[in-house]
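Chains here go by letter, A, B, C, D, E and F, matching the order in which they are written, and residues are numbered from 1 within each.
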């Protein structure tokens, strides 16, 4: 008998996901993505500069930065700009977002420029990093389309779609897309990033309570595959790719 | 003959101002305010702690922090959390917001707690600090009402309304509420904070091009008085104070 | 009936002001200015470099830094170099000094160089920022004269004099040039920067206690105009401009 | 036909692993672990203090810090103490080590104290984080035994063994325990942390080149299970547990 | 035949030394000391607090901080508060000053308080650290006398006088009290701190060009003994100790 | 009658000194040096870059960095990378090491490159800086020999050997090479750096308890000369210079 999730969702059910493009006007790509009450603003900024270690190689770069507004959370979190440095969790997440998005881009075709994906959490309710990756992909596509329209690129550097979701074991049962109250009480939490070819880009699983078994891992990966397929469908719809 | 403002507004006309309360769900007060294309999220967070220098005095404190999302601006600004410190402009603005809001609160009645006003610019088009002050006041009132409902306060500590607007001299003519393109090209820029009793809380005028004359200053203050009266009306409407 | 100022001065009376040039020997301009017990060392340093964003524009730059010796104040203040960053008040003040002095210089005539005005408070008794601006102007003129003598400049880039003074409302009465004990007890504090043409460069007024009225503002501006005219006379005398 | 690994090892073969206890004399636990040419010094330090957020809960804490000597690598890496902050990679790794070791300890039985595991890389040749976790476990056991001997603990807080290994897909074939030259050229890199009950504590897989398939993931997990079982055997032998 | 020093001094001649007490009014001790063109403001501040590691031991502490105004030097030096940290040279010097002054104080008699000696270089021409130590001693005595007058102390904690001077080998000849042009061209530079009993507190010698011989060291120590005896005489005169 | 040293050594006896070359494999020079229980890993790294202020001068540079593993000491020391900056003691020591090693190198012959000496303390028992200097010299020679073999240098830039030892006054008697328990209880501590020609490179003596007399200083220098001669012999033996 399945557990009753606090949200009333079935174990393989995503939260309500919405993707709003052109949310702000300055960025080349600007997407507000919501996974239920989690809301992340993802902007893609094109800059004609290169990090020093890439100069003269004829390639571009995609990088990400992650932030959380101080009151995105239920109690106020100290602003990292005031504290004087980004915390370990922030760095971990923005490195994950950067790696994930670089996996879908041909850096040679992008040419000598940088696209920065800024993912800022407006409201947090679990799964901010997976929402950020899923939304940043849409912002990245929009920014690349700006470059294509300006005829700056000969070939489209986007090699495929990327999306992410969390899965976990909640009260013994594998479930998809944990919200905060589920995440805080689950035994295992795993973030999965996949592409639209069904390949894995990142798998990061952590036993919060007790260690997880191989069988649980298999069940979580099954859920993630299902959820990510749906998310990639929603990305396509948002991008009018039908 | 009046100059033609790029926006087509008359010299004493505010931009379209909207105030959306309860924009996010965790903060005790959460307001998205727009002055035209400038959009600032203002949250008010109540915490039962005191800065060290206030302990044992039976008073509370109101403070503010200001931030700008990296791509709120037309070209990407470096994230202050990555840079490792807040810049001078940020500090100047958040100190102004804090002083302005403290001017409308009775710290004794507030009791031994801190309310932090986080003002984060989602999209910038000039006047972010005046929008922040005007929106933060509404968030502060909402937070104080939460305290009143919890019966934590004997007396309402709000002593009056506070709002702010910028005025300037654009191509020789005093104008109200400058947007970015006007601000970048004006000779003088002045930020004015007033209360609903018609008193001045802050006046900060800067000659950008040539020095301004006493007569220009008088004309700017007249415009500011008119604009702030309208903003206080909009605050009242948003707060259903009729 | 006028209030009795602690200092015994009349409401429109400056403190004893002294301006000592060539106070130290290395800097191109070096001025020790005293506004009563407030003493600030202002040096002007010429450097043949440019900030990155000015390169190739054929213009120069004038900037300022402000510091306070740890025991310039009645209790010891932590050294900012030890703390690891400049505080918000310091940044606010040095930005104000820089803007004020840039208002009197023609950056094209200055040529591709930077003049840095270091204003270090040796002893504080209120009004350190206005003393700093008034003294820094004299140091700047001395440094520019060094450049003129070296025949590095075709035209004198100094476009006029700049001086500053504080005004306030002390026990209900507008007064000029507040010392520390007046400043700590006043209702309103306003710093005014003007040029020798009677134009305003900066006006920064803050209600410390209750909001100030338009009439009080007018009276304070009158006092500032009078005080600054006297200060500009003292600058001229110090510079032997007769 | 299996690929030829640069090291000549078979695909399921660990490097030569050595574990040297009591390597330095001050720490309660001090272990030099080598995975081939990778050498990490792991010390465990007991301190009778608690992080603020744990005070009064009757529990202890285990945390980790990771560092790399500047010339542990083939080209010199900037010292993080000189740079002024720990990098994102360092933070990610030390958070992983800390979580992994906390998974094998009963914090209630540990009592109100902190054990810090410092893992400093003397020489790097791939797999520093997995060597660090495997060695830190032995140092942790030694430190706990010091506490047991001092009769500071009623019950042994160690709940089981923890070890870690990397696996990857090198030229199409899943291989165990990548050294640097394999790691730099592999398509996928996965770090796996397990306990002696066969449960998973952490799984962190990253597609470096192309995305990895479910079948590759399964094969990598099989290799990791085999390798970790051997490492736990080596830990037992080092600890004289037969 | 003796070398000709740029200053025209004989090899065992100090520069003109002046000691001006009560230079600023807030500090308990405030001394402007000049060694020729080197001018250092030394203030002594009493605070009724203790560093954490001294609490409950019934002892006091004496510490020092050193700074250099940006244009104390012939070319402008970056302000350490702007740079975000004190440099190695600054730390080295302030540690030396602190150790030197602690050598003349009985910390038990001082009681549970801290005296901080701030030594800020107004103008530099070599020997700033030795001038700082010599001046800080006078400021320390003044501060201790304030405590004695307040009847806060039962016994005078000053155990003797401390002064410092530099010596060096300039063009092959040992010389006393190097100014900047001598220091920049000398082979060896040694700073010596002694007490009024003829004991050595610190000796820090550095070969700048070639290594120095035992005989040169002996000659330098002789010069230092002579110079410090004179400086202690000047301290006594300044303190009206006859 | 001589005092009894805790270590049982005679007053002029060094601890057991071992020098192990090629301790790690990446660095051009890598030496583990032990002075008794003090163990320091010294690596020399060659880099084809120059600090900005040396560019175009045809010279090289030798610099040093010093670190202490957190549990090299009897109680854990905070990691400087976590704290965010190097402490004053660290800076003082690494500046000393750098100056000492530059004294034995001809920077013109070295050519436009930097050699960085990283001295990391694995275990501390007094005298870490003197062990670091003595070991760093051997690492430097190894690195220079790598350059010679690559035929990068026309002339060997090593001008002579450098070694260092501490001396002190322990219970009234001058002693050589203090270990931690002697250092913590001695009256005077002096670090001496000399070359193989018997010249002094650095002398840094500090009175910890009471001031030291000229006679004590002479006795300490005698001991240092003797100890350093032995250390230079050990360096020669380690370098197979016979």
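In this text, a residue touches a chain if its C-beta (ideal position, glycine included) is under 8 Å from a C-beta of that chain, and two chains touch if they have at least 3 such contacts.
Worth saying up front: this structure is predicted, and the values here are computed from it rather than measured.
Under the touch definition stated at the top, chain C and chain D share no contacting partner at all. The greatest centre-to-centre gap from chain C, using C-alpha centroids, is found for D.
Rotation angle relating chain B to chain E: 120°, from a CA superposition, given to the nearest 5.
Mean C-alpha positions place chain D and chain F at a centre distance of 33 Å. Distance between chain E and chain F, defined via averaged C-alpha coordinates, is recorded as 28 Å. Taking each chain's centre as the average of its CA atoms, chain C and chain F sit 51 Å apart.
In chain F, the positions touching at least two other chains are 84-85.
Beginning with chain E and heading toward chain F, the contact ring passes through the chains as E, F, D, A, B, C.
Across the complex, chain F is touched by residues 24-27, 30, 37, 39, 41, 43, 45, 47, 65, 67, 69-76, 79-86, 90, 116, 118, 120, 122-124 of chain D. Those residues of chain A that touch chain D in the complex are listed here as 85, 87-89, 91-92, 94-95, 99, 103, 190, 194-195, 197-207, 210-214, 217, 221.
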